[in-house]
Amino acid sequence: MKYIDLLNFLNPVHFPIIAIMLYFLGAFLIVLFGRNRIVRNCIAFLATGLTLTLLILLVKPILIDGGIIPYWMGNRVPAGGYAIGIALEVDALSLFFGLLVATAVFVAILYSFSYMSEDDNEPQYYTLFLMLAGGVLGMVFSGDLFNMFIMVEILTFAAVALTAFRNRVTGALEAAFKYLVVGCIGSTCILAGTILLYQQTHTLNLAQLAYVIPRVGGTNVTVAFALLFIGFCTKAFIVPFHPLAADAHGAAPAPVSVMISGVLTKSGIYGIIRLSFFLFQTMNLGTMQFWLVFLGSVSMFVCVTMALAQHDFKRLLAFHSISQIGYVLTAVGLATTLGASAGLYHAMNHTLFKGLLFLTAGAVLHETGTTDLGKLGGLSKKMPWTTALFLIGAASISGIPPFNGFASKWLIYQASYEKAVETGNIGFALVTICALVTSTLTLASFVKVTQSVFFGQLPKECENAKEVSWGMRLAMSILAILCLVTGLFPNAVQKLLTIPAGSALFNPNAYINGMWQSHLPETAAPAVQTVGVWNPTNWLILLMIALLSICIVAIASKYDAVRENKGEKVALKYSLFYGGEETEFSQVGGGDLFWGFKQNWRHYFSFMHNLHSGIVNDYSLWAVVALALAMVYALIVL
Amino acid sequence: MDFPFVKEAISKLFSKPSCEMYVPDKTKLGAPNYRGRIVFHPEKCINCMMCERVCSGNAITHVIEKTPEGEDKVTRTFYLGSCTFCATCMDFCGHGAIEFTRDYHMIATKEEDLMVSGTFIKKAPVKKAPAAKPAAPKPAAAPAPAEGGKVIKPRDDGKPVQVPSKCVYCTICAKKCPAGALNVDRANKTWELDEDLCVGCGTCSDACPKKAILMPGDEPVTEGAPAPAPAPAPKAAPAAAALIQPRDDGKPVQVPSKCVYCTLCAKKCPAGALTVDRANKTWELDEDLCVGCGTCAEACPKKAILMPGDEPVAADAPAAAPAPKAAAPAPAPKKEEPAPKAEEKPAEPAKPVEPRDDGRPVQDPAKCIYCTICARKCPVGALTVDRAAKTWELDESMCIGCGNCYEVCPKKAILI
Amino acid sequence: MFKKLIAESTGKSPWLFHINAGSCNGCDIELVSVLTPRYDAERLGFKLTGSPRHADIVVVTGPVTQQSLNRVLRSIEQVPDPKCIVTMGSCPQSGNVFRGSYSVAGPLSKYVHVDVDVAGCTPKPEAVIDGLYLATQILAEKRKEMKK
Amino acid sequence: MDMILNALKYLAYVLIFPGFLFCFLSGLLLCGIDRKLVARMQKRVGPPILQPFYDFFKLCGKETIVPAAANKFMFLMAPLLGLAALVVLQLFIPVFQFNIPAFTEVADVIVILYLLLIPAVSIILGGASTGSPYAGVGLSREMVTVLACELPLVLVLLSVGKVVGASYQGGICFSMTKIVEYQMSHGSLITHAGLIPAAIAFLLVIPGETGNHPFDAAEAETEICEGMLAEYSGAPLGVFKLNHGIKMLTMTSLFVMLFFGGLGSGIESLVALVGLTGTAAHMVSVLLAVLLLFLLCVIVTAVGISLVHAVTARLKIEQIFKYYWTVVSGLALLSLVLVWYGL
Amino acid sequence: MMTLNYIASFFLIVLGLYCIVVKYNLVKTVIGLSIMDYGVNLLIITIGYNPGGTAPIFTEGELQAASYFVDPIPQALTLTSIVIGACVTAMSLALVIKLKEMYGTLDTREIRRLRG
């Protein structure tokens, strides 16, 4: 139709579709030429790297200038008020999530190069991996509800297949099957919701839906909302779908875990945000805020307590993943600009630190062959890099300043408490308290991991462990540096990324306008203002000054004049004190820690343990009950 | 959760601390009767080894060197680092050569600091015995045995000699002998000394109720003389018709009017020949078992047992007449006088001592014989008894009111 | 100045680590009684610690049984220098009444250098304070030697 | 030139006055006073007040043994990290109206709450790096104690934020400076009826947060050999003991600033009354303020730490948790509800 | 007639869910998923159906404003959905085979190594 100018590819308008296609193309090419290892790695690297570059190039026009890029496949611009073609629309929110996806995928691919090198069926792995990435990116950029459904299905299949990829691992198949069943219930919900919306509005275009739905209404729409909401909750593994995530993470290879927690759950969150802020614009209703905040708070609390009771490294991380998603949902559900930007900030941080943690878990699994906390210990001497990187990740997720987890959590506290004071509703204050306590519980469970895996005593089985290869370390280091950077410059991050993205939530008309070139009145989101003060850079400088000066004083006074064990054999003096006993293996870790806490909560813990029965029927039942509840709630309040 | 003691803590904050502001001080001594650093008096030691034998911690050792003169130079060492401070050695030492002081400062940086030792030269048997000590008394003692037949002299090698005429074969000496060197058969009336075992400590001599064992330094005794006792007998005879006469077969006789049936005699009897029933007020002597050692008479607090040689006593009334000869006549007769009708009842002290109501003991001075048993048995060392000065003191701050003293007092002179 | 402060302080804050090497508990109780309000050794800076790594003075009670010998030696070895070893009561000095038993590994001085013996069975609390006081002086001297 | 002078000034702040030297002296002194008070309450004479100094210097003179199983860098750095974090934390707490804006405006109460975790984390890391099983048990208990203290602390801070925020835009206020400012004009927060339970709760949290008796299950020397410190010796141990002292100072001065921040309002007028003006007046009033703060800290220590220490026996770890999450949190929650509904 | 379709699709979806929730056999669970899928497909087709409409296939010029035909979009969606449904069935059956190999059973109550 149109003369294709090669240079035209450099127009940012094409970047989104190129980005998505790069992933799928890469997947396709690897099937064809993936036999050779180098070719395979090059293709994967190029596909992910180029995508990331393209998305970074989009930051300027979209996030900073506030533009919106619509893209009609095949240049099928809507005619007659109906959009028939397939559309992409990239606004600040989409791009924000897209960036997260691209970063996580890039790092995970880097990590996979060495991590997966000992597995067979490597080409299939990369194919599935890139399919998953493309699915998520496509879902995030899609301007079309049905395309979102298709992408959700693609990513669900890819995720299921990747979960079962190492099918000799205990529980991999089981987890995949459970995920498939409940995930399909969720997908079916999305499809049913989509079609109900279509029946009412006769369109599938998101922008058009966003324009039409508030003006149509009706029972069908309400039911559709509930169906879509539950469908996206399944993808985000919000309670009551969290056992699926736990099972899947436990069995999947580490980079896949990064994808599931850092990317796949984000797609669910994206869906929920798109649904409730744009399509239905329900988020100014107090009842819907309550619904989201309630779900988020329950998720963050239930999952963190579940995590405390776990004795498998990856399973524990999986529960934490959902707990952090609970934070995101809570913050977004507050429906204030501060809350939304805090939530998105936390979503970003979650991708970074959770990815880092899963990668370190993978490194441990790679070297020792197990992730059971009871069988590990004392790896810090064998794997100092991994330990340091893990500590950064753990500090980030537990909200230890100056890492990124603190910055976003702190904003969430501010946002929720501000909301509480604003509305005079003490319930939101309880959310603040819940969030703060959850944060400490998170710290507790990471102390447990630190002690059980990296410190404590080295068991015999782990003596052959050594530091992982440079490739893996590089991947982890990238994430660690990002954790630190995003934590140290929260203002810059907010200004550059989260506030534009967060403001987009409150300006659905801009989304509609961007797609349709219509001229609906746009509402500028209220400016973000925080009442608290926190300046991590200043604090860090102070800490560094203090630390340095203390170190200088210490070194001057021969603080480092220590006695160390020389030679291979451990002299009596340098052996550990076991109450006088000879060195013996008495690692304290795993489920033995935090008895004092668990003792007080034992009924709760045993109840939760029985609840998570591991039977797929039970989980399906939860899904059905959640669906029913959501429908009833939606019908009552909407 | 509650916080008890808050009030107490605040009040204590403003009161004087109850600390003993102890700083290391060499001059401080332990509590009375504290058994601290051992002091050894080598000059008193006779090297009987009793202490070494009874020491549970093997803390006592000795080294014997031969001096050029052929004497034994004995060095006895007490290693305080091994001592349990049980004082058994002190109790067993017949000569008071071991003393426990109240000095508790037994701090040492070297092992030698904890050694207490003393050196003495054991009297060589051949030379010393005749030369030094017995020489003097011998002339004085000489006249007595001259009258009798066979004179039994103490041996000069430091070992005991039996005086058969005095010996009642009560076996006490054999029982007491630390070395087990004596073998006494009561039935056959034999007394044998194992010369190899005997260490010449003199315990047997000290223990003998009849003074029938001679040690070096004792006066020789003339065999056959039936003790100087019988002589006074006729002197007492005319005093009253109903007199209770001592038996002449060497066995004891009870004076019912004096007897309080305290069973002390029965307890003390080495041969177990006495059966005393306090309830029924009976006093029976098994004639076959009795060895006539006289322990019962000595033990009797009321002097209600007559032995050969004692003066006869009026059966019904405690005679004032025998006063001049009675051993301790002073308090008893005076109190008995106003109540002559109380035939069977033993004398009660006129001025009864009331027991204290705080559970602590009270001494009955009338009964107390200052034997110090109570002081020794006191677990906390609260009692100080001085036999010589006849004082009995109770440290009330230390006394815990356990009643041990009451139980051990042979005279029931302590009231609780 | 720093060195001077250290030298000043060494004798003023002796921390004790107590090892029971098969003791009858008599000495153990007396050692605790040293810390009670009546004697209050804390006013001299004494403090009972739980780990040999913190200790300056190791107080050993009991006759050092075979079972405890290695454990005692290991614990003593783990005490950082300057350290001072104090035997409390007769048992660790000689074995006392348990001497010669098949289960007693003999006096402690056979294995390590003992700095101070506090004799007694059990020693009076005052005597314990005496001994510990002497130990602190030894400690200060040892610290001086260590510097050289 | 100006910049260099400024830099030197701030360095002096960090190293000398509200910073390292001040923390070192007053922290250890507070520790000594606490020990003395406890001893006196138990009718003992107690150690000399300078005893913590003796302890610290003695430990500096001792040999530092690094166990063969330990991670040396972590082992040695953990105490220093904790110390630095505490010193910086102390910079954030204003001394009545006198604060160094560059520092106190860096952080608010919630941040302080989180910064308080760093010393705990440092001791946990240090202990864990040795691999000792005692450290394992100890860190588990330490973590549970931190967890136990967190809930009441959060509730207290939220109540304070609500009360103070009433006079500021946004309705909540967590800034330390503003909280003190508010008290200068409205009177100390302790006079606010709704906050009295919160003050009591905070007072009860202090010993738990500092790991003092009876909430010292984490460092129970008789059962788990001082837990995380079991393998520490020499100077690092001394630094940990110093950290403990500084943490006491931090917690008590935080308490003073939160609830008695208004007491310092008279200082400046008092100094003016004497007739001093200019720099001299400022110096004198700062000195007075510091003295007043320290005095109040001592009183808080006496009531909140020493008295509690003297009259209780060590709690088991699950009792600590239960106690904080029921009794103390209940008090704090009561306060929040009272404050919420306008008392 | 349309109402019957709606009722049938609702019945199929509920039947599928019932099957998934209640039946403890893996194969039956897969059957339940398929039934649910068919229910949704039926729903889509029904929504797109206009009674009396012609097939939406027109050549150039045939299409007029008055043309009455069935909505083609839901039909396209249904095709996609059927394909996806087939994928689901294929994939889950593959997993069922592997599960049977590994666990030796098809009972969901025994396939629960991951729990708690």
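Chains: A, B, C, D and E, in written order; residue numbering restarts at 1 for each.
Everything below uses one rule, namely that a contact is a pair of C-beta atoms (placed from the backbone, for glycine too) under 8 Å apart; a residue touches a chain by one contact, two chains touch by 3 or more.
No experiment lies behind these values; they were computed from the predicted model shown.
*Asks:* Give me the fewest steps it takes to get from chain C to chain E if each step has to go to a chain it touches.
*Replies:* Each step joins two touching chains, and the minimum needed here is 2.
*Asks:* Which chains end up together, and which apart, when chain A is taken out?
*Replies:* When chain A drops out of the picture, the chain contacts leave these groups behind: B, C, D | E.
*Asks:* Counting C-beta pairs in contact, which chain pair ranks first?
*Replies:* Ranked by contacting C-beta pairs, first place goes to A-D.
*Asks:* What's the chain with its C-alpha centre farthest out from chain D?
*Replies:* B
*Asks:* Relative to chain E, which chain has the most distant C-alpha mean position?
*Replies:* Result for the farthest chain: B.
*Asks:* Measuring from the mean of all protein Cα atoms shown, which chain centre lies nearest?
*Replies:* Closest chain centre to the overall C-alpha centroid: D.
*Asks:* Cα centroid separation between chain B and chain E, in whole Å?
*Replies:* One centre to the other, that is 113 Å.
*Asks:* Just give me the whole-number Å value for how far the CA centre of chain C lies from that of chain D.
*Replies:* So the centroids are 35 Å from each other.
*Asks:* Just give me the whole-number Å value for how far the CA centre of chain B lies from that of chain D.
*Replies:* Roughly 71 Å, centre to centre.
*Asks:* Centroid of chain A to centroid of chain E, CA atoms only: how many Å?
*Replies:* Each chain's C-alpha centroid was found; their separation is 30 Å.
*Asks:* Which chain C residues touch at least two other chains?
*Replies:* Those would be 2, 37, 40, 43, 51, 53, 78, 80.
*Asks:* Going by the touch rule set out above, which residues of chain B reach two or more other chains?
*Replies:* 17-19, 21
*Asks:* Taking the top-of-page definition of touch, could you list the pairs of chains it picks out?
*Replies:* Final set of chain pairs in contact is A-C, A-D, A-E, B-C, B-D, C-D.
*Asks:* Can you tell me which positions in chain D touch chain A when the two form their complex?
*Replies:* Against chain A, chain D makes touches at 11, 14-15, 19-20, 60, 63-69, 71-72, 74, 76, 80-81, 83-85, 87-88, 91, 102-103, 105-108, 110-111, 113-115, 117-118, 121, 124-125, 128-134, 136-137, 139-141, 143-144, 146-147, 150-151, 154-155, 158, 161-162, 165, 168-175, 217, 225, 230-231, 234-236, 239, 316-318, 320-322, 325, 336-337, 340.
*Asks:* Going by the contact rule at the top, pick out the chain C residues touching chain D in the complex.
*Replies:* These residues of chain C touch chain D: 2, 5-10, 12-13, 15, 37, 40, 42-45, 48-51, 53-54, 56, 78, 80-82, 143, 146.
*Asks:* Quick check: in the complex, which residue numbers of chain D touch chain C?
*Replies:* It is residues 35, 39, 42-48, 51, 53-58, 60-65, 134, 220-226, 229-234, 237 of chain D that touch chain C.
*Asks:* For chain C, which residues are in contact with chain B within the complex?
*Replies:* 37-40, 43, 90, 93-97, 99-100, 109, 115-121, 123-124, 126-127, 129-131, 133-134, 138
*Asks:* Considering the complex alone, what residue numbers of chain E touch chain A?
*Replies:* Touching chain A from chain E are residues 13, 17, 20-24, 26, 29, 33, 36-37, 40, 43-44, 47, 71, 73-74, 77, 80-81, 84, 87-88, 91-92, 95-96, 98-99, 102-103, 108-109, 111-116.
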